[in-house]
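Take a look at the structures below.
Look at the two complexes coming up: chain A is in both, with chain B in one and chain C in the other.
So, the complex of A and B:
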């Protein structure tokens, strides 16, 4: 672990240096972040002003759903976005060979070399939204509340990370993997709204097989006090972290097994 | 030591077809065939050996290297690299081997290679003293001082290859696999890399297994040759023995006085043009020295050139 962190921090410094080599790209990246998330924040503010409730959820509760989803998304993507987006290409070109000749576990190496610290900018924006949501909902902030928020976001990060890892694993079987790229980006918005608006079948799916409901829908209710669990018992609002960790471990096992199917390419 | 025992590697290849009906059917049920890239190969490489591993395109060279380095798992057979099973103990094996794929780079594109060196040092936990000693050695032998701090994207192919080889050796691996390391390089760059490999082998006793299509690489670096074709090992022995066994034929290009025509029962006339003759012979039947002596004695030789079978011509005939 010590070695992994040392390599990770050095990679971050080296990659940052690489970014500074191309000044125009650096500033454009910064501007696109400002515009992109500025627009999303504005949209969220407008939503809270335009709608009274969504299936009984108040605008600031919906804002918390968005903020939890974004915060956990950024944590997961800081580590795994490159794995999901680039693994298919690296397998197709045979560049994954290099990963397998390094003295690190393949996934560790992919995470370290693909680590993207810029997602932390998005993370702080999300935390800001959490703070606004909590304040507007008049939640009493205690050490327990902070711990619950942290566990909720961390658990959500584990779930989203697990989904990214499962999608990436398919690259070892489907060289041109359709599950990467925009696929996850398109399904993620589903959990930015209360899942109780969806049919029961979908709520069960998002609680069991692909536990995305534990990213925001259940952990937010731990803070807001809302009681909207559908078919499931109230205890689900406390289970984000254990469910997230379990799901991530399953996803890792799938990745490790799938990587044994790697066939490389010709020379 | 590398021990390879009855190793085979097969791949399932989907059958491609131009027939549009079959293409449509393949969306639902695909047909495939099994391709045996490596077929029952066995060999042992001792510590400190310099081994050339040659064969035509698609022979199974790179597949073999990938199994030895742990990238691929054999379909059958066993491999041990210094007592380790490379595809099962991949992380541990990686600490003791170096791999250079001639057509792929390990360098960080936008930054000087010193940054990649530093990353490798941290990843392989190379002690400071070893790191410094190796970097100094590589700069000296590979003459990298002039471009050490340039961004990699600005380096020539030869410079990048030298840097890639240096990185593969930074952690003092006992065994190095070089997969076509001189591909696309000019003769000066090739010469530098060959000298470097021999120097590292001499200084550190590093074992090198080299795949290449450049026969000069083999002749200048390797003492031992392994030939693979259609996945099967055709030859495994010393380079000298290979040339003696298969390098029997030779040619003599001789220019004689007008009116003369060379004849010998063991020399075949392959071509004649205005007093210039091409003669083919076999060392087993008539050694080159005797052939030259015969021609000099019986004819007025104005010019003579001897062409022995080169490694390239022997291999070309075998492929």
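So, the complex of A and C:
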């Protein structure tokens, strides 16, 4: 087990070093990430400040929604972005054959070779936003609060990771997988605002079938004290981590089953 | 084959290429529908049935739909294409082809984008318009000024993206740089929400940047937010930025031709 982990971390270290080979591009990309997300956050806060609230949610509560979404998104993407974006192309060109020859599970190999270090910079930006939000909302920070925030973000990362895995799984059936384009980029902003603005059926969808509401909407209410659960009982605000883990396990099972349908196109 | 026919064919093939993977178009429609649906509902929550800050729901729905249509119609993959072509070496072929590389990219993108607008945004626009109201220009002169401003904005959008793509000749690996400059463009161009709702200090900053003249100013003319007396000034500033971006593009292209590093192929 120790040797396996050492090999996995070696792969990730080599990948990170490869990205750093083009130094100027690496730092430009890193800084542009920070600037891009920081600017989006600023604009969102300005909008909510102008209108005072969105469906009762104050500007810094909305900022926490964005921060939780971003933090969990960066954790999930650091490991799974390459699986999501490149798997379809690798299957089409036959490069996925190489993955199957490695002495480890295909998904594990895809994760460690697709590791992207950029996302950890976003993660720290998101943590900064969480800190600002928590301060502005005058939340008393205790070890329990920190644990709740950590569980909320980890649970959200599991949910978003599960979504990425499910979308990537379709690559084994569709030659040009339409789910690995901008589809998730288009739907992720749905959870950057309170989902209580959407119709009830949509809130149910985001809580049950595709539990994106557990990424930000419910766990933020654990911290902010808001009581906005719609049709669901207040206990949902504590369920991010268990729901996230369960969803990720289901997504992994789907990916494992789908990968058995792989037919090489030659390489 | 004369040049007009050649570029028309490029445009046509760009449109036809989107028909190859129909399922992709279906999911693109679904993704964009959800995105706009969410934004409209957020504005419903913010504005309710009345008006706030001199903005009605119909104005916002019209603004959201037109912003998406315009930015989609004139979006370009020039930046990504140039970067990919440098990466795999196929850029060498584009230097020897008997057609203008820039015009080829523009026509190819227009073809792709016409398809997206027809299949994706037209249905969404019709549905949202029926439900929440879609406004037309109040006068014919306003409509004409909008079209002129829109043409300028389209060229500005293309040149901006093309210039970012040309940077690939120097920054060999910059997959995210263009995406985040795109974020900056979206913020300062009013794509997220209209600049007339920005705080005064931020609105003042946008006056000195070209981005608000990409899509916001044409739409402000359309919705009557720009006084008629101000329209000539807006068009003049758009023309100025167009000349400036054209000059930058020419300089970069000449230097890129000397700098090109073919990495294989």
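Some observations on this one:
FYI, the second predicted complex is superposed on the first by the 248 of 267 C-alpha atoms of A that agree within 3 Å, B and C clash if a C-alpha of one lies under 4 Å from a C-alpha of the other, contacts with A are read in each partner's own complex, and residues count from 1 in each chain.
To be clear about the criterion, contacts are C-beta pairs under 8 Å (C-beta built on N, C-alpha and C of every residue); 3 or more make two chains touch, one makes a residue touch a chain.
Owing to the predicted nature of the structure, the values given are computational and were not obtained by experimental measurement.
Of the two partner chains placed by the overlay, only chain C lies in contact with A:55; chain B stays clear of it. In the superposition on chain A, A:104 makes contact with chain B only, not with chain C.
Of the two partners, chain B and chain C, it is C that touches more residues of chain A. Contacts of A:46 after superposition: chain C is touched, whereas chain B is not reached. In the superposition on chain A, A:14 makes contact with chain B only, while chain C stays out of contact range. When the two structures are aligned on the shared chain, A:238 is found in touch with neither chain B nor chain C.
In the superposed model, A:89 lies in contact with neither chain B nor chain C. Applying the stated touch rule to the two superposed structures, the overlap between the chain B and chain C interfaces on chain A comprises residues 22. Listing the residues of chain B that touch chain A in their complex gives 11, 58, 61-62, 66, 69-73, 90-92, 94-95, 97, 99, 101-104, 106, 108-111, 115, 118-119, 122-125, 151, 179-180.
Residues 3, 6-7, 10-11, 14, 17-18, 21-22, 94-95, 97-98, 100-105, 260, 262-264, 266-267 of chain A are the ones that touch chain B when the two sit in their complex.
Looking at the complex, you find that chain A touches chain C at residues 22, 24-25, 28-29, 32-33, 35-37, 39-40, 43, 46-47, 50-51, 54-55, 118, 174-176, 178-179, 181-183, 185-187, 189-190, 193, 197-198. Partner chain A is touched in their complex by these residues of chain C: 21, 23-24, 26-28, 30-32, 34-35, 38, 41-42, 44-46, 52-53, 171-177, 179-181, 183-184, 187, 192-193, 197-199, 202.
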